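Attaching a single structure in structure tokens format; questions to follow.
Chains here go by letter, A, B, C, D and E, matching the order in which they are written, and residues are numbered from 1 within each.
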Amino acid sequence: MSEMKFILLISFALFFIGVYGFLTRRNMITMLMAVELMLNAVNINFIVFNKFLYAEKMDGLFFTIFIITIAAAEAAVAIAIIINLYRKFNSINENEIDTLKW
Amino acid sequence: MILVFGVLTVASRKIFRAAIFLLFTLINVAALYFFLEYEFIAAVQIVVYVGGIVVLILFSLFLTHRVNSDLPHPSAMKMIVTFLAAFFAFGFVYTLLYWHEFAEAVPVGSAVPVRMIGKAMLNYGEGGFVLPFEVVSILLLAAMVGCIAIAFKTKLKEHKAS
Amino acid sequence: MSLLNYISMMRFEALALGVVIMLLLVKVFSEKMNASVVLGFVNLSLVALLGISFVGHPHGTAFGGMFRIDSTLMLEKQIITLALLLISLQANSWLKKHSSYLEFYVLILSVIIGMYFMISSGNFLMFYLGLEMATIPLASLAAFDFDRIKSAEGAGKMILSSAFSSAILLFGLSILYGTTGSLDFNRVAENFSLTSHLELLALAFLLAGFAFKISVVPFHLWTADTYEGSPIAVTSFLSVVSKGAALFIFMTALYQVFGAAHEKWMNALVLLSALTMTIGNLFAMRQSNIKRFLAFSSISQAGYLLIGVITGSSLGMASVFYFMIIYIFSNIGAFTVVSVVSENTGKENIDDYKGLYKTNPMLSLALMVFLFSLAGIPPTAGFFGKLFLMTSGASAGLIALLIIASLNMVISLYYYLRIVKAMFVDKNESPLEDFAKDNYSKFVLIFCVIVILTLGFCNYIFGYLQSLSFGL
Amino acid sequence: MNLSLLILIPFLTVLAILLVKDGKMARVIALAGSFAQLAAALFMLFSYMKLHDGSRLAFEESHVWFAQWNINYHIGVDAISIAMVLLTSVVLVAGVLVSWNIEKSTTSDPSSGGQPKEFFILLLLLATGAFGFFISVDLFTQFFFFELAVIPKYLLIAIWGSGKKEYAAMKLVLMLMGGSAMVLIGILGFYHFSVAAGTPTFDLLALSKLSLTHNQQMFLFPLLFAGFGVLSAMFPFHTWAPDGHSSAPTAASMFLAGISMKLGGYGCLRVAVYLLPDAAREYSPYIIILACIGILYGAFVTLKQRDIKMMNAYSSVSHCGFVILGIAMFTKTAMVGAVLQMVSHGVMTALFFAVIGMIYERSHTRMGDEMGGLMKVMPFLGSVFIIAGLTSLGLPGFSGFVAEMTVFVGSFQNADLFHRVATIIATASIVVTAVYILRAVGIALWGPIKKIEFEKLPDAAWNEKLAAGILVVAIVILGTMPFWLSDMIYKTTETLFGMAVK
Amino acid sequence: MVNYSYIALVLIIPLAVFIITGLFGKRFQSFSGILGTAGMLAAACLSYYAAYQYFILGSRGADCAWPTIIALKQTWLQFSPNLRIEMGIMVDSISVMMLVVVTTVSLMVHLYSISYMHGEERFSTYYSFLSLFSFSMLGLVISTNIFQMYMFWELVGVSSFLLVGFYFTKPSAVAAAKKAFIVTRFADLGFLAGILILSFYSESLDFQTIIHRMMDYNGSIFLAANSASFMGASALTWALCLIFIGGAGKSAMFPLHIWLPDAMEGPTPVSALIHAATMVVAGVFLVARLFPVYSQIPAALDVVMYVGAFTSLFAAIIACTQTDIKRVLAYSTISQIGYMMFGLGVSGYWGDKALGFSGSMFHLFTHAMFKALLFLGAGAVIHFIHSNEMGDMGGLRKKMPLTNIVFLVACLAISGIPPFSGFFSKEEILTAAFNHNKLIYAMGLVTAAITAFYMFRLYFSIFWNKPASEAGGHADAHSHGEAPVTMKIPLVFLCLATLVSGFIPFNEFVTAFDKLEVEFHLPLAIAAVSAGAIGIIIATILYLKPSTMPDKIAATLGSIYQSAHRKFYVDELYLFITQKVVFNLISAPAAWFDRNVVDGMMNLIADVTENFSDEVKTFQSGKISGYVMWFFAGAILLSILIVYVL
């Protein structure tokens, strides 16, 4: 196994750990954290591909930068919304936030 | 290390611990970048993620959570099913990756200097990223406005109400 | 390339950005500005935006292929701008009362700028940025009904699931980057090979990401909750503009980037389309909240739209445009009625509409026209839209899918008729009283009704759309 | 003769009614419009008779509608469509007349009635759809009008109906739309095959020249035939009819049975059989079986009905079985019979529903056994009822006889046992028909007067007399002078099916 | 060729009267009676003139047969190039004879009804229906085309229905009208099927063409029709038998006779016209019309013969036990028509063998006269007594002398006593039967005896028996019993006809084919007359004076009497079939099936969709992780599909 594929193994694993976390967690903030894990896995992918395959250009690298930036923005908005939710429901547990269903 | 902390992040029942584990994971990822000689990305990772997002998350945790309370335990059944699904998906995806033959070039030894990044960032020709750069700035602005609008206006209203 | 040239190419983006900056300046410097002046200004500028879009035929690429423009893309932008204009007019009375109307416009204009960029993108990076820009501020907009807890809940569901969705999409993109070595549409298309399983995986993940935005089953579950929770203006924006923009770029991506794999995605989309129509309909059947109901109905409409996408022919694409336009008018029209009722009475349940015809005949008639258009009943334009989609499907030989689609038309008629029945047939002890409608909403309603009743008979519009369409 | 007039007149009438405020004005306009339409239809008939060599489409008109799909606004008439148009305009006039007092409808359900403006708009919209359907030669255009004629029924029944009206209306519309969905698939299938053949088209004439393979025909035919069959209440898709008819307001029942069911029969003949003769021939045994079941079974079910409106609804199922049977028998004579039966049943059932509606408005009951002796108090309505009944049971001199006999004779031209037995089974229904008609006459009109309050019921008013009169005249004209119509139709049938049919 | 197209007027006049009185009769109630009678008088004169022209001025053709003249022919409806319904006028011996019969009886009834129906609320309606009937019946007899005949056949049935149900407020009248129509309708089904078969093979609906083609032994058409077999009989046999069913229905042959006695619920003149003289012989006329074809197929003729003979005996027996005078007459009508039927059945086509045909037609003619007379006489009695029951009558000979005489004449005629007309016609039929089949002859003879018996039972019960004062009923004992003059004229006229018509040289005029030389067989005549005489004598013994004998005999006969009295339970059988089988075993389950199974299926589809919708809704759990779970599963499944499957 090449080095690249090994690192990719790690990043893929990290991605699905994130998925697992998202799916099992009840707390919205931990869900957000799980998403961050997934995004990090994607970042690693981009960096690794850029590094090992297409080093002559910086597409992957820039993509990573933008993902990080956007992740920040997304997290900010998400947290704003979550805090908003917390004010209204006094909880951020998804089990308790289900006035909308069916 | 990344994986260990990642697992801990999603498995920890104490929410703060989870956050700290996330922090460690992110730092480890940064280390990985560093190791891959992308120092700039590593730096960004540390600054934005560790310095920004995690802090934000911790901050929001303080706001929303009673400090030492445990997270509710997800049902075992659900955990197993989810785990199996995620694991299966992982196996599937990784198998595909494993059998894919990349035209692996020899890694270019030198690191990408920050200057090049800066140049590319402002280049508007082929291989330049000025447009995304601008766009992302608008995006950040908009996100900011959105956050402010939601967080502050509701607060104001509540104040008025009380 | 001169600056003028850039501006001409990016006229939508530039002007919208200009308006955003103006609004921010207003916000900073003169907080006490009269609301109706600002709203009028924004609406006017949207009209201007639409107007200048018809000057000249810009085409070309800029920024190293990251930005592309041609007549088709112009058309797509015109369509979503038109929709935004209608929504803006419809939302007028709601916004006047709203404390943060300035922020609303800043956000929604940023969203539409994101959409412009997304539509015009020639590169997955730009596409991703545009997509996020069209999502993140929108999530905060979904929470804009500060008083209603449902609004916040919908927004929370939206932002979290869209974060997850974009993570999946990004994962696909990263793999695509790994296998093809580029993010540029043309380069990806060149390097894309059907033999690589990994690339197909990337395609699948991308499809899932797109499907989330277009709210295709089973990636649709956030839709209903968010639609119900959001302010009506945002709901209509989500259901029309958001969906439309995503669909446009989806078509571009499928045709221009993944054309080589068309058999794969066609078959996949046939499945998704069938599922979407059916499940969307089944959900819609039992709804009691009209917004939620319209959400599900819009899910099933997405299924019909996919038929046109699947065909991969220029006629199919033209039908998608055509249906999209009709759908904009029908859906925004319907939401306008809902918004008028809800603004005046605060009621959103289908049961509240009982006996509406007795007190508000014009409003009910308008809603009936919109619903029939959504259901595809002649002589409304929706009939033509749906039939054209299905005809394009027929010329591509998607008979099985068409069978499902036609059966779904029957089911959908059932629930559209439920509302018609509530308004026209059911007796109500205390129907909603006759209330005043604001002029903007009236204008939107009349305009939508006229368009819906005449569009099907104006054959040149379809000809125009077809001239701008392309296939695989 | 400009055929578009036939679509324009009712449509303009709709617009005119939209513009007026007053319900009284609305009905006058509606009546004027429908008379204009009748005049136009008659004018068309005469000019057709003058010019016709009986074979080709007359007064053709074709405008490109959507060039991209080869959709044309293509209209034209031959004898079959002329028959249908005439039928529709006659029923339209009668329907408007019958609904003259819809404003103060006196049915037992106080919630129904009112809103005359809306009522006439819907009625004329429905008629517009029917006219358009009958004269269009392009499948797309035809389908457009076809669907146009479905939805107004929902509102007509659900708003002005009685009994379980909402359920019935919904069921009716959904079943009809189910049928139209099948038709749609069939039409799209046609389009698909024409695309495959290199000439995408919706045009009936062009499609008839398309040589489809056996499998293609076998695939399309059941969809189209069953789809249209739903509309013409083919067993087992007939259950919308009893509920729908019995709940609908009088004029809507008249339209439903008089016109809508004909849309189905016309479609079966004009689209399914015309375009797919080979498949039609292969499927015809199954269709014949279904038709026979429909005819006989419908008749027997009718026997058991207490509600006379329900009774007529079921009898429509039985009668429309003859249409299907005539088409499936695959001889020219039988097809002519099918068309005649459509016309005849259209007028007859319209008359029947009209008179049932009038009686209902007076007696406030539709249960046959709660009436009795009504002949004594309302001799005019009673006589009309009996005339309708006699037409229904196929009395010579009335239209039903001509149509049924043509179907029988035509069916019997098939020399094999199966067709013969089927014909005989179908003929057997005339006895059952006689039984239920006489039963209805016996319990509702004859016998002693059951309720005191019946004795003071008024007989028909002028509008009712006029409506019934027009329909009776139509029935008698058809019944005593069928030759002009049947000859015309025979020639058209020869042109349309000359190759395929005995 | 003589022009007979004026015969069209014979039809048009009643039709015009029907339309005028039907539409405007309300305005001038009483006038419609006069109008109707005048119209009928004109029609009758035209018919007489036609008969005069045909029989007296015209002559037999070269082949010794009376010519068949198509006076008028107009295509009315073209089914296919070969098959068309033509409206026309066919003039031949039987149609001319029928014209005379129908117009005569109809005229009498019109005239009679003016006073009989006087004061009825729906007087004009009555006359319009009568005219309608006359029109239809006349149309029937002059038909050139089998379908034309079928059409008028149906019209006749409807007019009968309307007239029987004239007193529609009486439930029994309603039931009788329904029964009459439905039973004949059922028979018409056979007629129709027969027409379909016959027309298919002969490729024509025209009587002359059909007869011509079917008479051609070696023609391909006859061979095809005769060789195509179904269930052991040839297509032609089937066709003829089916057509005979049609005739049997109208002519009330067993087992389709049940409607006729009930049809007496109608006004009595109507019974005289329709249910005695004209419509009920339509079946006989039908068989006679197609007789050349029947004569080719002996099997079919045998059916006609046996059914006719059995019916005549069967009905005669029942007639002995009935107490309602109109019912007695009704059964006697059935019995006499049975006579005519078996007359045809025993006949052949050529030469001497054709005696049965000629006799049957003769009997048709004479029967029409004396049976109409009987009914009108009975009508006069009923008019006076206001009751139909024999028990309410008696000793009326004093009060109604004229009626007494005409009734007696008619009774003697029907009993076959010379020199009254019945004797001649009956004798011919019996002679033909004797030559053909002895069993039938025996049955005929017995029937003749029974006929004489029940007729005189009737006669004595009305006019003799107990004295008038004891008779019940609602007659005003002091009133003058005789009817007004408009009722008397028809009685007298018909009585004269009954007296003289026996001497018409009928065989000269009405024959199957060529000239018929009839030998008079004295022994047979004696046998027939003595049979009648025996019947009369028994009746005289039993009924001339009031006595208990009849009851004793009835008691002795016990169940046989009882079952004859109950009409051998045929009605009950029908009732069982219609009520129990058709309504409860077919209709009710069918209705149930339709509501619950067929409709249930449709509702089931809706329910399943709705339930499915409810099920599906639970996906929308309101929980993000649930949503994302679906998203994730969808994405993975989609990728598996895309990568491996599609």
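The working rule: a contact is a pair of C-beta atoms (placed from the backbone, for glycine too) under 8 Å apart; a residue touches a chain by one contact, two chains touch by 3 or more.
These figures come from a predicted structure and were not determined experimentally.
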| item | value |
| --- | --- |
| Path length in the contact graph (chain A to chain C, fewest steps) | 1 |
| Chain ID, smallest distance between chain and overall C-alpha centroids | D |
| Distance-maximising chain from chain B - centres being C-alpha averages | E |
| Top-ranked pair of chains - ranking by C-beta pairs in contact | A-B |
| Most distant chain from chain A, judged by the mean position of its C-alpha atoms | E |
| Where chain A and chain E are represented by their mean Cα positions, the distance between them in whole Å | 96 |
| Chain A-chain B separation of Cα centroids, rounded to whole Å | 5 |
| Chain centre separation (chain D, chain E; CA means) in Å | 36 |
| Chain centre separation in whole Å, for chain E relative to chain C (CA means) | 78 |
| In chain C, residues with contacts to at least two other chains | 125, 129, 132, 136-137, 139-140, 143, 155-157, 160, 164, 175, 178, 197, 201, 224-225, 286 |
| Sequence positions of chain D contacting 2 or more other chains | 174 |
| Set of chain E residues in contact with two or more other chains | 617, 620, 622, 624, 628-629, 632-633, 639, 643 |
| Every chain pair meeting the contact rule | A-B, A-C, A-E, B-C, B-E, C-D, C-E, D-E |
| For the chain E and chain B complex, residues of the former touching the latter | 629, 632-633, 636, 639-640, 643 |
| Residues on chain B engaged by chain E in the complex (per definition of touch) | 82, 85-86, 88-89, 92-93, 96 |
| Residue ranges of chain E touching chain C (in the complex, touch as defined) | 609-610, 612-614, 616-617, 619-620, 622, 624, 626-628, 630-635, 638-639, 641-643, 646 |
| Contact set on chain A toward chain C in their complex | 15, 18, 22, 28, 31-32, 35, 38-39, 41-42, 45-46, 48-49, 53-54, 57, 59-60, 62-63, 66-67, 70, 73-74, 77-78, 80-82, 84-85, 88-89, 97-102 |
| Sites on chain A touched by chain E in the complex | 19, 22-26, 28, 31, 94-95, 97-102 |
